[in-house]
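Look for chain A in each of the two complexes below; its partner is chain B in the first and chain C in the second.
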Partner chain A sequence: MPDVNRILVIGGGFSGLTTAVDAAETGAEVIVVEKNPYLGGRVAQLNKYFPKLCPPLCGLEINFRRIKTNANIAFHTMAEVESISGGPGDYNVTIKANPRYVNDNCVACNACAEACPAERPNDYNFGMNTSKAAYLPFNQAFPQKYVIDANYCKGDCGKACLDACKYNAIDLDMKPEAINIKVDSIVAATGWNPYDAKKMDNLGFGNVKNVITNMMMERLSAPNGPTGGKIIRPSDGKPVQSIAFVQCAGSRDEKHLPFCSYICCLASLKQTTYIREQNPDSKAYIFYIDIRTPGRYEKFFWKVKEDQNVSLIKGKVAKITQDVDSDDVIVEAEDMLTGNKIRTKVDMVVLATGMEPAGASNKVKGVKYNDDGFALAGPGIFPTGCSKNPMDVARSGQDATGAVIKAIAAGNFKGQGR
Partner chain B sequence: MAEKVISPDLKFVKEVIASGGGDLKKCYQCSTCTVVCNVTPDTKPFPRKEMLYAQWGMKDKLISNPDIWLCHQCSDCTAYCPRGAKPGEVLGAVRKVSIKHYSPTPLASMVGDPKFLLILLAIPVLLFLSYIVPKGYLDFSAIPRGENGAIVYAKFMPVFPNIDVTFGAAALFAVVCFAVGIMKYWKEMTVNAGLTKWGMAAKGNIFETIYKTIVEIMAHKRFQKCNVTKARSTSHLMVFYAFIGLAITTTWAIVYLYGHEFLSIPKIGIFNFGESPYPLYDPMKLLGNASALALLIGITLVILNRMKNASKAGIGSYFDWLFLFVVFMIMATGIFSEVFRLLNIAGLAYPTYFTHLVFVFFLFAYAPFSKMAHMVYRATAMVFAKHVQREEQS
Partner chain C sequence: MEKKLGLYICEGCSIGESLNIEKLTNIGKNALKVPVVKSHFALCGKEGIDLIKNDIQSEGVNTIVLAACSSRIKYEEFDFPGSLVERIPLRELAVWVQEEKSEMQIAAEDYIKMHVIKAQKGDIPEPYMMETVKTILVIGGGMAGMSSALQSANLGYPVVLVEKEAQLGGFVNKLYKKIPTAEYYTEPLIVDTEIDKVVKEVESHPNIKVYKSAKVEKTDGQPGAYDVTISSNGSEEVVKIGAIVLAAGWRPYDATKLDHLGYGKFKDVVTNIEFEEIARKSGNKGKITRPSDGKEAKKVAFIQCAGQRDPNHLSYCSAMCCATSLKQAKYVRQNQDAVAMILYKDIRTPGRLEFYYKEAQNDAGVMLTKGEVTGVSDAGRGNLYVEMENSLLGEKVNVEADLVVLATGVVPATLDDPILNLQYRQGLGLPDLDLYDGFADSNFICFQYETRRTGVYAAGCVRQPMNMAEAQEDAAGAALKAVQCVEHVAKGIAVHPRAWDMTYPDPFMQRCTSCKRCTEECPFGAIDEDEKGTPFFKPGRCRRCATCMGACPERIVSFKDYHVDMIGSMLKNASVPEDEDEPRIFVLCCENDAYPAVDTAALQKIKINHAVRFVQLRCLGSTNLVWIADAFSRGVDGLLLLGCKYGENYQCHFAKGSELANYRLGKVQETLDRLQLEADRVQMVQLAIDEYEKIPDIINEFVDKVKEIGPNPFKGF
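Take a look at the complex of A and B:
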């Protein structure tokens, strides 16, 4: 029997996809397990990404195509790892695949969504709009297959889809499925979640109108987002003319995320360019402790800093309140360079919330984690990307390539006591 | 660019750290503390700059600054500090060092240091023993009784000269120490304000400013701006008014005793001019007992609040707890002295009363060096801040 290297990749975001494609192209067999109904993870939710500030779907599409054309890659969406047993070279993994209620006959014609009577909060857009309970996660989603959200499609709601579908693609009797596989090694690419901004009770998220998070800002700016890319504030649709970015919203804070999330300074600088390009008269205020733009990203910081309408204020925002007689927001900080407390009134506030590793809220059984929820390496188990450390997309790609080498090595040397 | 040389006072940094500011060095100057602080002025707010001064050992800038006392240790800063640097506790430690700096005797170092506690207690113990041992009063049966064999503390420890001369001298000592301290503090604040320029020209009548400050203190307006330790404004208010009640009681008792002694004022109705003990219905006695009870409840609440808020606000230092302990002991022994006297249990009454006197002496004589001094320095700082318009006259 030819000894093929078999690798499980947990997570189908940028790190997981890179791992899968790189490993498969060396001849390894790869199984990707993704919790969402689509691949691409957090990157698929971005408007633009570093280093070239292009829309991330072009980058993702290249990977999707490599997956489609490579027989060595199998993937399961809406699936999670239930258990891991055994050891390097001989891992037994149980995967639970949840029902999509839509089979491979789906041609993404949208008939089910049109017919569907129920709506659900659109989690792809962080709840800023709704979608039908029968939905395609976003226009370029891969796989291009609809999903029925059973939590919002109850009773005979599903029957409307069934009647509308001409391709026999709706299967309301689908059940959760357990899939058992054997692999030589495991790469944990479980990624991250935006830190829950409600946990900072002084920053007003959820109580003060027009306070959003940086990931919401990505969706708000994206052409396939809830506003078609128009940066307007949620409460009344007013085009945003003044915006405040609150850095370290949760990061570098022992009560929240006791580490620097690496990307938030760059994200805010990037989002500053979104608003400045869209509204030429707009003003942006960035409140920071330290601006951290590692390596060559420093140049991007210089570029944004040159803009006369961008103010960088050294001092952390620690109080956010609603203006008394408008939907405007007041942010309060000490401008440390003048040494005075200031209150700045803006149309909208973006909290630069940090990266909480997925392991903080959802641990894969059999994978080890540190106290903050970052995944740790074990024998034949290799964490990569933001599951093990906050990092940007480019570094995630590099890191994934490193994980591929380790995973292949673990498979090659099985049975040799290594 | 003008060169500015900062010479850090490392001894001062170490002292602040040892006095309860142990997490000082964790501060990374994000200024969350100044923003969540509801009692700071908007211009040159605290405590972020104080954290920097303390880290760099800039003692002069810190302790000759009214801001360290404008802080009421709400601990909102400590609760929100992302680094656990506990600015509220650091400023508490700085205040302790400041009290020591302005108090002119070696006692200042001793009160804040647990290893001198026994010596400090031994002073009043030996003093009071010297009054009773020669009379053989260690044998309680030798102590003369009042009518119907009632316990009369004045026969155990005569009000004059033993009590009044001792406490009069202790109080006078405290007043002199305080006067020297606040004069020095005021002078240094003036110099410092001139240097840092935020002391715009002093305006208005100083007496009016003092009056306004007293009104503000009486209402505890600043305490009520605290969030995390909001409940503290009530317990502190209770302690505050109980102390005022007890001060009035004490003065009243002096009037009773010496009014009778020197002016021969007789008992008038319910007003029992003359020697103690006074009957429970006497208004002076009523006020005293009510104040004592209020103080006991107040100080207990202060202690409970501190323990309840410890995880958010910090537990406090030896300096804080010594003060709370002394006040608590005064009240507990005071109330039990009265109870045991009324129950006529000599074996408990005399030792309890003796302990009571020891702790009252502790509070009075060591006031300028203990946390009790906060009332004098904080009031001075508040007057100064108003005077130089550090904060708007309200």
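Take a look at the complex of A and C:
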């Protein structure tokens, strides 16, 4: 047995990073496997956190620094776990590292992106703009290393990036690599995906112009988003003066996600503050079943509710359609308290789409899941964060720290006690 | 340690094309007297790294100054264990943000001078070693406390558990049944708590020592070396403790304040806790009896938010009461003829608890109605009316019930009792609790366990309102932080967030005037005073923000790699243009937020006014006012501070840094008056890490203001 615990953390989002940092700072050796080319996961796409309305990058920056200065943490981006065998104290894991086509020589000088002639839909911004095929995922991405998207780099450009790079950082022949590691325990922090809004026919996503999801709204509001933070509607760039938030878009619905996604009420209240701050005359309508702002989040709810230009309507949205004469959106619902039918015309609609656990679409071999795709604990395997239950950032951090003590206990910790 | 400096200038990333490298090298060699000065096409490449490593081995270089790129990248390459490494972001600050080539060169020369001097003044850190113990004290023997105790004890750490009652178990002892822990919910929807098993496990654990009917009288000392006085059954004992889990729990909101809901007026209006008691007595017989006449209650109304979400009572939601009432409805429904009515504002069953709610919705004997309960009145025949407005049943309705349960909320134990009884100069309990309604919570979304007292980690309902399952998870996290803390102090390094930091404040006490500014301003209460009022530092409590260094008028607080003279010397060693229309301005910025914002602006090649030179600080709280004199006496025209947002939702990771810096600036008038300078030459601006696009405007505005004031009269002296 080795003297220290070795822990595999699957997922380098908020939960995975917290697990990694806390475990390494308690003396464990940690390997993080992240599928994106950058760390930070979903929170790296958020504009602000509720209720403080502070930028996620602030906390990420501290954790990145802890990673940089801690020799106990290794991480692989663009990587996934291929197989897990063995048991607690002796797990064998095969990691597949996908090619980045940019090696560690990269100095983040942007020369490759400047030279690159090809464009790709920018997945970081949910396709609301494009980036070059040679790109930095976003301007505060960690690690600060460029990536080449092989699906859009078709090689007919005369390899402009190769010529532009002075540091031999580009390697278009890079191949996927298998990495075999041994660990004592595993923390699954695989996170979540926004529920596919196209699956809800009545809500018009994909058919009706100017219907977006809450995650797209985060990008649309962020200073490093596709509009530089200006909340304008996608179809014609009109500044949004009226907006409707549709709660439980998929969540609490047997046909879609049967559970409550925890964050969407607070996310919509938060996004209401984005638009109200940016456009002082704007009006916001929130259609909800129950407003769920547990614990001290209640005060944040009050703050938004006090705003005269914000209307809260208890009622599930029945239908969203395109206005005949304009790019405006028509929202139809029933006010459950008055029984009145409501028909509202707004500039833009935000669907508060729920949290689908990553395990619903992509299961890690060797990890068990429940029917909804939430990861289950097993011997030496500990799910954390949104991979196991919908939760917000604060709770994810707390949960991830808790997962560390379980992982260490499972791994026969040697540096313990007195 | 004898230091030998090496200055390495990178020519890559267009630094070579933009700057006169030979001139920079000569400045290093001649003006700055650096023994080894070299340049290379790409220092971060293998050849460049080997060049440096070779100098470490053959030349004895142990202090490496890298004039290349920002420390936010290439950290793996530029890691030289055992050496002091100073990074100069030449690429970003001297090239990318500059517009004119001539300005690039001046900036590069300035930054090289500033950072070489910084490196000359620094020293290799050594850990702070003291005798420590690794015993974890858990305050509170409820579910959270017992879970924390077991988690730490199972890792091999000795645990001391202090419980105020005569038995362990806390509120769980009062419960009839609990909600099962399940992925999905099917019958049975109420199960035994099995608290006895947990209590037994704790009491028989070889690593756990339990004190019952006990209280923490005093907590003296510091993490790793606390002396905790525990009183129990009339006797007192002092126990050495490494770190503390605060799981002191909660109490129900005082229902006597809810007279509008009939509590105290009608015997059959009870709280949810009292209802557990009733259920324990009669529930096993399959029925619920009511207090007034012992008759079976067949129509039980649950009033949600009895005090919670009400500005007159509790401004927060207690998070657990909706699910608790759903559970208690099941107590009622043990009798198939009985009906439970839940009257709510919003049903809050986040996550998978939604399935539990759904089960109740599928039960025809559980009625759920949204509305605002306005009062409870006598309905005659021994029954009660619950009066509701704006409900799904109509605008104004009376719901008849034979028993009314008030779903009262959670009040944290720390609301009116410091519990810890810390013998700290700054007080007995955790500071800032009024920001969190008395809960022992953290201000940081990202760092849930970081209170403002290092070594103290709260868990369970004393931290936030939560249910039992959540409290157990929370307990695991707090236990881990306690373990992490004792391990760090044993190694003599900082705990969160500067976990990499081996330095510690080392005051030169002979010059201390006992002015007490450091003891007052330290955000973490790390500095106490002895009987004579002389401060003494408790490094175990310290987070290494250097607020004390900024506070000290005598400038006696230093860290090995960070001190007043070091930053002051940087400010004294940049160029001051002779041209009166060309001001020189320093921007002091926080290294975690403001500086990364500057770095991001640079990465995007956003141009920034060439008048400024950036200096990174650990925290703006470390800003010492002498720096203003240092800079202005050298002819510098202005000083801008970029720090985190402060106020109720402060973002400073050291709680008070930027706020204190601003406060100190308010007092700087005197210094400036003495120098016959205008107060507006010094300003602080709050900047978040994502506001990089605002930087050019913020700086231009300040530069314009300084230009308007005119040149510093000391210019040219």
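Miscellaneous remarks
Going forward, the second predicted complex is superposed on the first by the 406 of 418 C-alpha atoms of A that agree within 3 Å, B and C clash if a C-alpha of one lies under 4 Å from a C-alpha of the other, contacts with A are read in each partner's own complex, and residues count from 1 in each chain.
To be clear about the criterion, a contact is a pair of C-beta atoms (placed from the backbone, for glycine too) under 8 Å apart; a residue touches a chain by one contact, two chains touch by 3 or more.
These figures come from a predicted structure and were not determined experimentally.
Comparing chain B with chain C, the partner in contact with more residues of chain A is C. Once the two complexes are laid over each other on the shared chain, residue contacts for A:A333 go to chain B alone; chain C is not touched. In the superposition on chain A, A:V4 makes contact with neither chain B nor chain C. After overlaying the two complexes on the shared chain, residue contacts for A:K255 are found with chain B alone; chain C is out of touch. When the two complexes are overlaid on their common chain A, residue A:N105 makes contact with chain C while staying clear of chain B.
When the two complexes are overlaid on their common chain A, residue A:N202 makes contact with chain B while staying clear of chain C. Of the two partner chains, neither chain B nor chain C is touched by A:A178. In the superposed model, A:P294 lies in contact with chain C only, and not with chain B. Common to the chain B and chain C interfaces on chain A are residues 252, 336. Those residues of chain C lying in contact with chain A across their complex are 12-14, 42, 44-45, 69, 72-77, 133-134, 151-152, 154-158, 183-184, 308-309, 315-319, 346-355, 358, 370, 390-392, 436-437, 439, 441, 444-449, 464-466, 473-477, 479-481, 483-484, 487-488, 496-497, 499-500, 592-593, 596, 600, 603-605, 644-645, 649, 651, 653, 688-693.
Residues 202, 248, 252-256, 289, 315-319, 332-334, 336, 339-341 of chain A are the ones that touch chain B when the two sit in their complex.
Across the interface of their complex, chain C is touched by residues 14, 18, 21-22, 25-27, 47, 49, 51-63, 65-66, 68-70, 104-105, 107-110, 139-140, 143-144, 166-167, 222-224, 228, 252, 258-262, 290-299, 302, 314, 336-337, 370-371, 374, 376, 389-391, 393-395, 397-406, 408-409, 413, 415-418 of chain A. Chain B makes touch with chain A in their complex at residues 28-36, 40, 42-45, 48-49, 80, 82-84.
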